[in-house]
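Here the chain labels run A, B, C and D in written order, and each chain numbers its own residues starting at 1.
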């Protein structure tokens, strides 16, 4: 089998496209933001992407219906320039896997006239903060300046720092091997659990950048859910011996 | 060498085929059931499947005759629709290996007119039960409903659960990349040892589903054997320092 | 680069060939025996075999001359049938690596008219014995019977046992994918260190089988060396904190 | 994607070329020396080399500008024979990766008329020394003798020693698969931190060998920096619980 299999749902042409990359990762910030966008924009599915670099398993919904783990591309056509969103259940399991999936998806992005890449992620700070800041990295000065105007911080104090996984690779491979400029937006997060509060800050920057007027109430609900769970955990720490029945086969 | 090598024993044509997948795994439920079926139906060998994704070793019988580890396809021709059974010594050692073997075998399955896939596995519950239940997952509503009538439980309480390994991959790849619908039958098992009691419950569902009238006495013997061993272990716990001489080379 | 690169030194034709496989492994029994044979028979180099499945390093002799790690094929032409010997510095690092190297070398073996494969290895028993026995495994009855006459034991008491690594793979792949019958000769060994005493027993069987009349005095010297080292270690256990300077780069 | 992607910046022809290989490794000796040479010789970029065998990440400078991790080839044209320098952010993550990158770069080296390879590395001795010695390994007698005249030590006391990683592979693959002779220069180093003092000794040998008259003052500055850091660490051992914020994504 091919290492990455692309199953295209819709034959479309996009124009002057901005690509958003939001995958599972630190605080799940990228994925929460991408899922929110797909949902609120009523983005349509462009393709399912399967790979032997993803875990060898199916996921089930609560009716016990199973589907193979995958990554997905969604799109939204707009007058101001189309939007392509890349998200998925998992990132590649190995270095080679992450490179191969990113590279293959960027080949598709190039065909879909992607002109800018915005990757999303979490920036782990190991503690809770009231209002997470949004930090940026860039491969192109113009994008950097636009993002800075929206309040994104481009730190001068982290020489040698790195961004690992898809949030980094789409930026780096996009810029150096596909000539597509990009920025990465990272929400500060403790990194200890799924963090919709951080995702909300990233989302607000993204909506402003994309000139989208969408309600963020759903994210507020998720924030409330997580806060309820974390406060319950503080009160009743989990029994570490509990059997985890979530995975079988 | 090719990553998966298929050595075909018999040139046959199958029609309206149901494929059974039973590989080693939790409680060995899938493999025990598949081995039982091959034996009792006097299924014939269709192909041996070798791969560098399987362990690099030979297995010996008690005459010291060695053979390379492998997976196998067996078949049984029937008026009501043919049966193809996939089993083997091991599952692929890596994620890529499990995908590549499943994908290659499904290519063969497609050629052999496989219309439905039934994968078999264990569902680990971490404790012994008197009568293991058979739980199901599905990719197709019709198959789900048929199985439910036979007493298979399709849980509504495990959102996000997953089935790993061949029992999941044949279901997922089969459905999404080969358009073959399927269900997975999982016998509850402690998961601590080879569990013919769980396999027997799965077998009973399977026999009814396939409209096969076969004696399950052999499984009762295996159940007795395991019960003898486990009761002996409870009385005389093994010496953990004993040298394991089973593997050499 | 190709996964396995064969650099042929000599263009030869062999006929009615027996192939000996002796690689590093348990007690180093296979490699000691193969090295002895190459040396005593004045076998000539047929090919060097390089692979990215071997460790990424060079080895140096005591003049600091470096050479890439490799496997090698040697040959000896004889009236009674030619001999091909496969040995090397290391076995493949991964399952895939061991399969790919074995498969590629067997392709060459087939071209060199190999009719029988004899793989050599150690059988770990975890304790010292005065006279190690030679145990066998086989893929072909005739070879089994010939070896049994020479005192090789074919155990009936190890059902499900396995032979891992090259000693197993050349037997299994040779028989099932190249139609070349084979036996494996395993010398009993503690497995705790390089074991020329075990190798000597294997060598004696091999010499008789190949109808070779070679002096085994060199092996006696090696046995003496090892016995001196082990008795010194018993008297003066090594300082575990000593820096190992053998590897650098 | 290809496993190694070469993006050539300059179309040049080199003649009678010496290739220098200095990658990250023990004491970072090879990389410090290669970086120094590139800088002081004002060597020009020949190519960037990307690979899925490198870590899946981007690195950022202190303006938050990101670039994909890579290896690089630089060149300097000279009357006495051109110089090609290979360096990079990381070595390949796996054995296969190190082989594939080395092999691909040597294919380019062959095209650029590389006649000699000098690989650089650290030789870990586990303690600080006042004046690190430079040890050598070789694949060709002439190069060995030339280097010995410059004070390089070719030890007769390390039979079976090995050089792992790029410093070994370029030597071994270069010699055995590309017919390019080479030597390896290794500076003694504690191996506990980046060691410009060791790199300086290697650099001095290299400058003399290449008949280059370059100032080594920059290395003296780096030596001072490291000595300041290490003496500060001795006085104030680091708090091991400090959060490492260098990596995120």
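As a working rule, a residue touches a chain if its C-beta (ideal position, glycine included) is under 8 Å from a C-beta of that chain, and two chains touch if they have at least 3 such contacts.
Everything quoted here is computed from the prediction, not taken from an experiment.
Enquirer: Among all the other chains, which ones are in touch with both chain B and chain D?
Expert: A, C
Enquirer: Which one of the chains is farthest from chain C, going by Cα centres?
Expert: So the chain farthest away from chain C turns out to be A.
Enquirer: What's the call on chain C versus chain D, same or different interface residues, using the half cut on shared numbers?
Expert: Answer different: the two copies use largely distinct residue numbers here.
Enquirer: What angle, rounded to the nearest 5°, describes the rotation that places the Cα atoms of chain A on chain B?
Expert: 90
Enquirer: Round to the nearest whole Å and give the separation of the Cα centres of chain B and chain C.
Expert: One centre to the other, that is 37 Å.
Enquirer: Averaging only over C-alpha atoms, locate the centres of chain A and chain C and give their separation in whole Å.
Expert: 52
Enquirer: Multi-chain contacts only, two chains or more: what residues does chain D have there?
Expert: Residues of chain D never touch two or more of the other chains.
Enquirer: Where on chain C is chain D touching in the complex?
Expert: Where chain C meets chain D, its residues are 1, 3, 5, 7, 48, 50-70, 93, 243, 245-249.
Enquirer: Across the complex, what residues on chain A touch chain D?
Expert: Against chain D, the touching part of chain A is residues 25-26, 92, 95-96, 98-100, 102-104, 121-126, 135-139, 144, 154-165, 167-169, 171-173, 175-177, 184, 186.
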